[in-house]
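Next up: the structures, one after another.
Look for chain A in each of the two complexes below; its partner is chain B in the first and chain C in the second.
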Partner chain A sequence: MSDRLLLATFEQEDDLLAATSEVRRRGHKIVDVYTPYAVHGLDRAMGLKASRLTWVCFICGMIGALGMLWFEHWVGSVTWPIDVGGKPWNSLPSNVPVAFESAVLLAGFGSVFALLAVSRLFPGKQAHPVIERVTDDRFVLVLDEADAQFDVSQVKAMLMPFNLVELEERVVSAGGTH
Partner chain B sequence: MTPESLSSPTIYRQLTKLAIVGAFVLAIGALVAPERTWSNLLLVGFYLVTLGLGGALFISLNNVCGASWNICFRRIPEAFSGLLVPTGLALLGVLALRYQQYGWHHHGEGDAGTFWFKELWATPSSWMIRSVAYVVVWILLSRALVAVSRRQDKSGGVGLSILSRRLSAIFLIAYAITFSLASYDWILLLEPMWFSTIWGVYNFAGMVQATLAAMIVLTIFLRKRGPLRNVVTDEHLHDLGKLLLGFSCFWMYIWFSQYMLIWYTNIPEETFYYMARTQGSWGPLMVVNIVLNWVVPFFVLLPRPSKRNETIMVRIAFVVLIGRWVDLYLMIFPSTVGGSPLFGFLEIAGMALLIGVFGRLFFQSFAKAPPVPTGDPLLSESLHYHC
Partner chain C sequence: MVESEKDLQTPAVPAPSPDEMAKLRPTLITGGKVPADVTRDICTPLERGPTGLWWGAFSLSLTVLTIGVVAVTYQIAMGIGTWGLNRTVGWAFDITNFVFWVGIGHAGTLISAVLFLFRQKWRTSVNRAAEAMTLFAVVCAGLFPVIHMGRPWLAFWMAPYPNMRGSLWVNFKSPLLWDVFAISTYLLISAVFWYVGLIPDLATIRDRSKPGLRKRLSGLFSLGWNGSARTWHRYETVYLLLAGIATPLVFSVHTIVSMDFATAVIPGWHTTIFPPYFVAGAIFSGLAMVLTLMIIARKVMQLENYITVLHIERMCKLMLSMGCIVGLAYGTEFFIAAFSGNPYEQFVFFNRALGPFSWAYWTMVSCNVLVPQVLWFRPIRRNIVLVFVVSIFVNIGMWFERFVIIVTSLHRDFLPSSWADYTPTTVEVATLLGSFGLFFTLFLLFCRFIPVIAIAEVKGVLEKPRRDLKHDSAQGDAA
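Moving on to the complex of A and B:
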């Protein structure tokens, strides 16, 4: 990514969706799109790949279930066998509820913390919206001017039909996009 | 393709033939093995009635929530609820045919404390009166729901949406009470000395699961070959898949809740139900039940792409529909026929009857109204649904 970004601001989600699709069709690099709320279909318009978070969730859940089943078996029938109601020590049904709960717990925590880690969110992090109104009523499409042939006036002409509100060029330091 | 051409003579004739052949084999079976034939009829009747009831339940739940995603294919569950009149009456006939099958509470048996109530509850007359009452309540309320929806096609307007929401709320309350009691009266009472307070929920879970599976099959069929082409999208399919996945897990949860408490406490008056169902060849069948109803749907439907894939969804729906049959088989047959699990001509005939009657009644009912509820104000929202 270069250090020169182009911020295109829109007022309507439909305009943003159409503009995003068009920009992608022309092969410009989309850095990100900022919206006040989740816009349906934006992931497809941006060409985002399917989230891998589901795999994190599934694997954490499996670790929770299988790990707890193993642990219960180890506790209940290897290291400290206790006779409960005359049941065999390695009784699977008695181990299922806790295994289920720990699967849910690990899947939940795993997904949340994986999401926070990947998005680099942590308590006390300062918010730096690209523009203030993106948290209220503006939709911002951020493009990368990496391409040597990137012509701002041409891009502007392309975006104008989508009721472009504002076009801003911004130079960012290597540290972040803002 | 219009609904008229869908109810084309070929589909009709084949489904009718299937039902007639099934009924014919069962009629012969009634002479040879009356108990087993009756058990098959009870299974098929209960299966069909719960599919019809499930359709009305699906509409009501969505109406009460103010949901819009389901509207574009709402005529499918509406056609399901059309099953209730013929199959409900047929099931009542089956019940009346062999009411003595239900081992009535004989004097001096069971817990002394609650005995008087059980005796009163389980007399053939009060049992039959209740059975008729359940079916009548379901028929009246579901017909009202469908009638309001069809009237909206002509008149449109929000007023009728509000009316069906109110009707739905009434249906849900009536359903919760009557279906729970009906599942006790018609299935659990085959083992009058056994008890399970979670029985109603367990039957509810299986019912919704099977209804969703049948709806998925028909939604995909009508999208590929019929009037719902370009109406039902992958988004709707995805949500149906999510619901099926959820209810498979719910069924497993309830199944296990019932099993584990009885296994843990290990009291003979409760365990005999599972003893009969885990010994001999019944044991593997219990495992098959869990595999079909939970293991397969859970692991296959978990990834997002498989819920948006027609082929996978239809296959899983069929697995669940077979699983529902096995589940009901395990509830009914060890109590009535006993011995070893039997699968022969009579069971196949029962399945043929099930498929034939269901398909025939469904297409007949579906053809009676426009395939999409055009008068519903939320229809366009439903058509543009994105999940």
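Moving on to the complex of A and C:
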């Protein structure tokens, strides 16, 4: 990624969606898009792949369920067997509810912590919104000017019909995106 | 970036629906709001000082909470002999309150998770407050079994932990232990679900606040959120996952609560209808509480454009359908008792309707089955005052439902020699009041410091303004 970014600001999600598709169709590199709310269809317009966090959820859930089933088995039939209504020591049906709850607990916490880790969100992190109004009512499309053929005036002409509100060039220091 | 031909050709924006179709869809948020209005409308009340009305309500709740704290302190110091329980009626007020509060919580999860899976966009206006209600109701519920132990400082014995008392473990075959796991999982998952939904809104508050404590705190808890679409993409995935796991969770919680009763051999408890009956009852009571709170909140916080008559009406429809399921369950219980040929079962239901606690039974039937029937009529569903009155009736009726199930089933034992009566003591009534005090204190603090409406979600369901010609032609060119 070069150190020159182009920030295109829009007022409406429809404009942003159409502009993003168009920019991508023309082969420009989209660094990121910043929106005040989850814009449906934006992932497809940007060409984002489906998140793999579903796997984290599944695996954590399985660990929760199987781990707890094993623990209940060990408690109920190995280390502290007690007779409850003449049921077998390792009575699977009575072990299901707690195993289910533990699956849900681990799946939920696992996926949330994975989300925070993958997105690098943590308490006290300094936020640098691209523009302040991005958490209010503005949509910002950030393009990378890496390409030698990247011509700002041409891109501007391309984005104008999508009710472009503002176009800003920004030079960033190495590592940061804003 | 790897992309297939097909992917490139697929237009990202669906063709705009014809105007005729759009007209049929009711407006969710009225007043022609744009995103900036939503931010302003929801954040401004938090930035201003509290109103006199808020202080009034808060001091009242805090007073009631104090009464509860005094009562609980007294009963812990003196022992649960301060309650009206006896050897026959071993569970009464305390467990009634527990089941009542757990039930209240269920509507919050229904609105935030189940309606999310069903893509009901109207939920966005109420889900934040309904989830907060869930959280506070479960906190209230969790207190009761702990108080009920009599020695709450030993509550940690419920957890399976390695200990020095030989190889002594909790009994995983007991529904009471399942309940410990169900309620604590429910509390934790509801809290996480609520917090994850809050992160983008906290970032909105952070970015509009002047430097100071508010900006620092919202900055700390918004975790550096910057609205990146890549993060939103993952966030939506996790939100869907949480909704997906919270849905079976909420059904499991009240199912397990019902098993506390259903696995016992007490006539009136020992029935297979209990899990669905309890889940429907829980959602029913929770919706009544959501309506009570929302009708007050929309008026006090001037949210009439966000929580519209449409929202109230839809919640009424849900409440009516749940009320009918509950009514059907009451009828089924009687039918099965009559049909079972079991004299103990038959006696319990006969005694429920005509015995010493028949007043409680008929209060329950009138409040839960008869009163909600008025909601079949559209003008009543759209009359805020009447809906409020109905919701209060249902709240009362659902508290009595748990009282009826617990006390009437217990007070006439298998042995007539052990039959007993039950009257709650002042301490028990004060504890119930105190739980309401706690609930409303927490809810009022929530209204004061946290956006009561999910700002980022509501922005997504606003009506889109008509596109102008310039834009449409550009789309045509692109295609």
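One rule holds in what follows: the second predicted complex is superposed on the first by the 177 of 178 C-alpha atoms of A that agree within 3 Å, B and C clash if a C-alpha of one lies under 4 Å from a C-alpha of the other, contacts with A are read in each partner's own complex, and residues count from 1 in each chain.
Just so it is clear, contacts are C-beta pairs under 8 Å (C-beta built on N, C-alpha and C of every residue); 3 or more make two chains touch, one makes a residue touch a chain.
Keep in mind that what you see is a predicted model, and the values were worked out from it rather than measured.
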Fit or clash between chain C and chain B when superposed on chain A: clash
Contacts of A:Leu121 with chain B and chain C, given as first, second, both or neither: second
Partner chain(s) touched by A:Val104 [first = chain B, second = chain C, both, neither]: second
Contacts of A:Asp136 with chain B and chain C, given as first, second, both or neither: second
Touching partner for A:Ser94 - first (chain B), second (chain C), both, neither: both
Touched partner set for A:Gly41, first chain B, second chain C, both or neither: both
Partner with the higher number of touched chain A residues, chain C or chain B: C
Clashing chain B stretch [against chain C; choices 135-143, 189-197, 315-323 or 333-341]: 189-197
Overlap of the chain B and chain C footprints on chain A, listed as residue numbers: 40-41, 50, 54, 85, 87, 94, 97
Parts of chain B lying in touch with chain A, wherever the complex brings them together: 256, 259-260, 263-266, 302-305, 386
In the complex, chain A residues that touch chain C: 12-15, 17-18, 20-22, 24-25, 29, 32-48, 50-51, 53-54, 57, 61, 71-72, 75-76, 79-80, 82, 84-85, 87, 91, 94-95, 97-98, 100-102, 104-105, 107-109, 111-112, 114-116, 118-130, 132-137, 161-163
Chain B-touching residues of chain A, taken from the complex the two chains share: 40-41, 50, 54, 58, 85-87, 93-94, 96-97
Residues on chain C engaged by chain A in the complex (per definition of touch): 1, 3, 7-8, 10-14, 34-36, 39, 160, 167-175, 177-178, 181-182, 185, 188-189, 192-193, 196, 199-200, 203-204, 206-208, 219-238, 241-242, 245-246, 248-249, 252, 256, 259, 456-457, 459-460, 464-465, 467-468, 470-471, 473-475, 477-478
